[in-house]
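In the two complexes below, chain A is the common chain; its partner is chain B in one and chain C in the other.
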Partner chain A sequence: MKGRTAAILAAGAVLALLAVLPAFVMPYHVRVGQLFLLSAGLALAWHILGGFAGYWSFGHTAFVGIGAFTAGLLHVHLKLPPMLGFAAGTLLGGCVSAAFAAVIAYPVLRLRGIYFAIALLGVSQVLGELSQNVDAFQGALGLNLPDIVPDAIRPEVFFYYCFLALAAGIFAFSAWLRGSRLGYGLAAIREDEDTARMLGVPTERFKVLTFVLSAALTGTIGAVYAYSLGYFTSGSVFRVDFSLNMILHALLGGIGTLAGPVIGAALLVFVTNVLLGRLLDVHLLVTGVLVVGLVLLAPSGLLGVLRDWRARWRRNERP
Partner chain B sequence: MSAPILSTRGLTKRFRGLTAMSDVDIDVPAGSICSLIGPNGAGKSTFFNLVTGYVAPSAGSIVFAGRRIDGMPTDTINRLGIGRAFQISKPFPGLSVRDNVRVGALFGADGDRDPDAVTEDAMTLAGLAGHRDAAASSLTVGFLRRLELARAIATRPRLLLADEPCAGLNPSETAEIVDILRRVRARGLTVLLVEHDMRAVMEVSDHVFVLEAGRKIAEGPPQRIARDPAVIAAYLGTDAEDPG
Partner chain C sequence: MTAIAAAPAIIGTARAQARTITFGGSIPLSGRAAETGLNVHAGYLAAVKAVNDKGGIEVGGQKYMLDLKMFDDASDPTRATTLIQQQIDQGVDFFLGSFGSNIVLPTAAITERARKPMVQAGGGSDQIFTQGYRYVFGFFPRASQQFISSVEYFKTIEPRPRTFSVIFTNDAFSRTQADGAIKDMEAAGFQLMDRYQLPETITDVSSVLNSLRAKTPDMVICTTHDQNSLLISRQMAATDTHVKLLYQTLGPQLQSYREALGRFANSIMVQIYWDERANYKDAVFGSAKGFADTYRSINPRPLAYHTAAGAACIVVYLQAMQKARSVAPAAVREALATTDVETLYGRVKFTKDGDGDPILLGPRIGQVQKGAVEIVFPTEAASAKTVYPAPKWSERS
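The block that comes next holds the complex of A and B.
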């Protein structure tokens, strides 16, 4: 239990540090922080399905888009007061994402591995096209959302805290989930689905539930993201790079670990926006090299490498 | 003989043209250790796959504890009280021994339980208590078999199907597995064993069923089965089939 207390203290310290950070850094760095927290939140939401259950979605941006469009269209049609609209849009964005996931769950979750990944990629592409070409969605023209930021606070700080709350919430949820009965069932599904079934794990029900949860959280982030943009088109929310970054962040940090998606997001956002911020013409190239290097040298992610080191160290210690 | 906990009637499985199991009637008495033997391809694994719902029978019925279970999904069958230990060990390699067993304890048969107590108990029963923190991927074959058994036992089954738990083990490891099976039975569980190791079968079984080419050719106490001409012929061939 000593390790657990230490982990809770560390998570609390990081949260406290992130909470006071905007008071001490330049606005540009608050924006970088906002991007990091958005990325961490998305990676954590993806990881609930991809990391715990082992179902890698290559099209999770579909749910970012659904969340964003739900919030946008809700505003266009109902014109609620800004703050109420924001709250309702965020809530509904998660709900519509969840409902959509529930509808497609049965066919797509029959697929495993790469087939599931590709099916979701297809779903996200189709939704992107639909939002762009069906007039009712106004995705080509773009949707405007009202300014909801209170006068006393700068917009980048406001959304920084929005994304911090989301990421911290999803992190806490993941921590609970991992130790729960559902979490053990998902680990069994990830490791060997047929054996899991033989041990009485209701695999179908658990997979659908997890898929819906992951979609709901991603859709909620999508709605808040839409508000942070103010104006968005299909292209700003149905983004293949969103889908890929969720996977990449989780992978670099360590799939199956709790903090992996956060550490991966921190690393990549820091490298691309701070270290290479002045080298715009080569930063993607350097990022690419870095990613390839990390995947080759540390296939189990940064936390995976740490765990292996610790295990080796313990073995050496005890002859 | 006590009332059967598992009985099949006319159990038949056809895979397209191939009849893997044909008209098999088997009654496993509650509280016994029974063995299912037969040459390779006799249908032993098919029988296990049918009982655990991995494949659905083409004809016939399977009744477990008074309830028709044929056609039910695997996880439902497990929750009703049938556990299975696989021949080719299928541990969850990324999890520790304890977490592997804990999955069984958290799921498995319906009803109240304390998952920690069930996990500890199953590990102790299978002689794994000293390895609880080891990664499942680091275990030797003998310990993987114990893990298979522990995980299945943790699901609190009334009937344990053990698929060749002794295959590839040395005599002392085999003796330990036999010991575990006896302890399982002593708790009131019924065990149905598929096994090639005849010494283990003869030593531990109350009753033996013999399959050949998907049919039941004999059944009875082990001593009688060992002398049954049909069984000897199935294993060694008859003079008529022997070209030499």
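The block that comes next holds the complex of A and C.
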């Protein structure tokens, strides 16, 4: 109980710090913060399925794309007032992603492990191609979204708070989920799905529900991301690196932990955009070496290493 | 904060009296657009080196050296916008462009809001020039207007072709240019027979060629990128799909394309955006040929028209600064808007929307003859006459 209170206080302090940050830093740092919050939000949304249920999707960018295109096409066809269009596009982006996930859930969730991962990768590639080649989606020419940012606020600050709200919301939802009946069921599925089913966990229902929730949250972020770009093509949103980064952030921070995806996103965004931002020729190489090194030295992620240290320290403390 | 910083720390004691003009921006040096990004970047580097080697540039009685601070956006718009913002915060006043409209547009939104000029040679989509931006200038005419000079050329061919079909791929550049081509060609009285839409990267066009053999137009116009153009002409030659005129916007200008096709490349038409043999005078390099010679002496990377355009972006900037007698972004922007100068790339003038003048900066028309590209239009710049109708594939030598 004491640990739980401390964790809530720590999360609250971090949230408060992030909330006041734009007032004290340069616009560039706000944009880095925006990128961090986008990455953290995506990693947290992926982690609901990949971390809690153990179903690693290699194609979650499909839902980023669905969210973005839903918002873009809604604007093109309905021409709602900008802020209303933004709200409706964001909401609908999540809903359409959820609906799509519900449709494909039955066939893809019958697969496990690497087969599931590759199936989702295939789905994202197919959707990317469709959005590019079917005229109705306009993915080849690109979609323009209106400027929705009020005059009184800078665009980077506006979208910083949008992504902060999303990331914080998904974090809180993850925290609730982990301690819920569904969360315990997902943990059982992750550890041994057959045994979980045998013990009465409704595995199919839990998996579908989690898949749909994860897709809805990712799609919502995708819609906001589209508005933050202002103009996007299929290549801007159906990106394999989006899918891989979601996994990488969770992996670096610690799969199965609450804060792991957030810590992983913070670390990698800082390294790639701040530390290595100026190294024209070697930044990808250095990033690659760093990631491989971290995965080899700390396969359970940074929080995993921390947990091991604490356990060892406690053992040494005992008389 | 201004981009002109006190110089000693940057350019050393020998140049203690000079200040520095910094050009910033992003460029894809990795990722899917890296190949062209590297070409554009090589042009920027060549221009900065040439100016600095000559002791810098004088603006309003003050000597300036140039500094280039580009970063790799990895073809990622999010990374590009983040790092462009960093440069704005650091006081960079003048920006060069990335490659690809999906990156140029989001970054241009930031520089526009900060009222810093951006001169770019990497984005030609119409969307860039229809946002009402005042500080963004592009070397290429917007995609929908890049076919104007080609239509003028087709009107001069004797006997005049009457029908045409268009092959294009599903990307912003190819599609927009195809739409513009069809509109302009029909307005000029040419009759459209078919339009073939293909995926962004194509691997086989045999079904299109079957259709072309069944319903053969006088001209086939491909608004395709280099590799796609090569695939189309290879399969046309292999299947003996003959048309009187095969026109490809990109592809035949590359030596690698012509070497791959061999004698079959002869008679194929192509858009030429830049030719080092053109008689252009340039304030920094002396001429187009002077640029080509300088470039080859410092960079082993093959010279491409994007490289020349990249170098010309900086030349145009410098001339605008000298015209404005100032390095204040707003004054330079005003000078850029009224720019009308001859550079290594040709005569540069922007439309009121910021894209390149479609006549002055639009493409010339070339034709592959005996393995080399000869300019056939406009007539005053022509180095050879058009071979029309093209010989059948088996008769090409």
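What we mean here is this: the second predicted complex is superposed on the first by the 318 of 319 C-alpha atoms of A that agree within 3 Å, B and C clash if a C-alpha of one lies under 4 Å from a C-alpha of the other, contacts with A are read in each partner's own complex, and residues count from 1 in each chain.
Following the convention adopted for this analysis, a residue touches a chain if its C-beta (ideal position, glycine included) is under 8 Å from a C-beta of that chain, and two chains touch if they have at least 3 such contacts.
Quantities reported herein were computed from a predicted structural model and do not represent experimental measurements.
Q: Applying the touch criterion given at the start, work out whether A:Thr195 contacts chain B, chain C, both or neither, answering first, second, both or neither.
A: first
Q: Output check: A:Arg307 vs chain B and chain C. Expected answer is one of first, second, both, neither. What do you get?
A: Neither partner.
Q: According to the stated criteria, A:Thr233 is in contact with first (chain B), second (chain C), both, or neither; which is it?
A: second
Q: By residue count, which of the two partners contacts chain A more extensively, chain B or chain C?
A: It is C that touches the greater number of chain A residues.
Q: Figure out whether A:Glu156 sits in contact with chain B (first) or chain C (second), or with both, or with neither.
A: Only chain C is touched by A:Glu156; chain B is not.
Q: Where on chain A do chain B and chain C both make contact?
A: none
Q: Mind pulling up the chain C residues that touch chain A in the complex?
A: Contact set of chain C toward chain A: 29-30, 32, 70-72, 74, 76-79, 81-83, 85-86, 88-90, 101-102, 105-106, 109, 113, 125, 127, 170-172, 175-176, 199-200.
Q: Chain A touches which residues of chain B in the complex?
A: 52, 54, 73-75, 78-79, 83-84, 86, 90, 92-95, 99, 102-104, 106-109, 151-152, 155
Q: Considering the complex alone, what residue numbers of chain A touch chain B?
A: 181, 184-185, 187-188, 190-192, 194-203, 256
Q: Show me the residue ranges of chain A that touch chain C in the complex, using the header's touch definition.
A: 26-28, 30-32, 34-35, 38, 129, 132-133, 140-142, 144, 155-156, 229-233, 235-236, 239, 241, 272-273, 277-278, 280-281, 283-284
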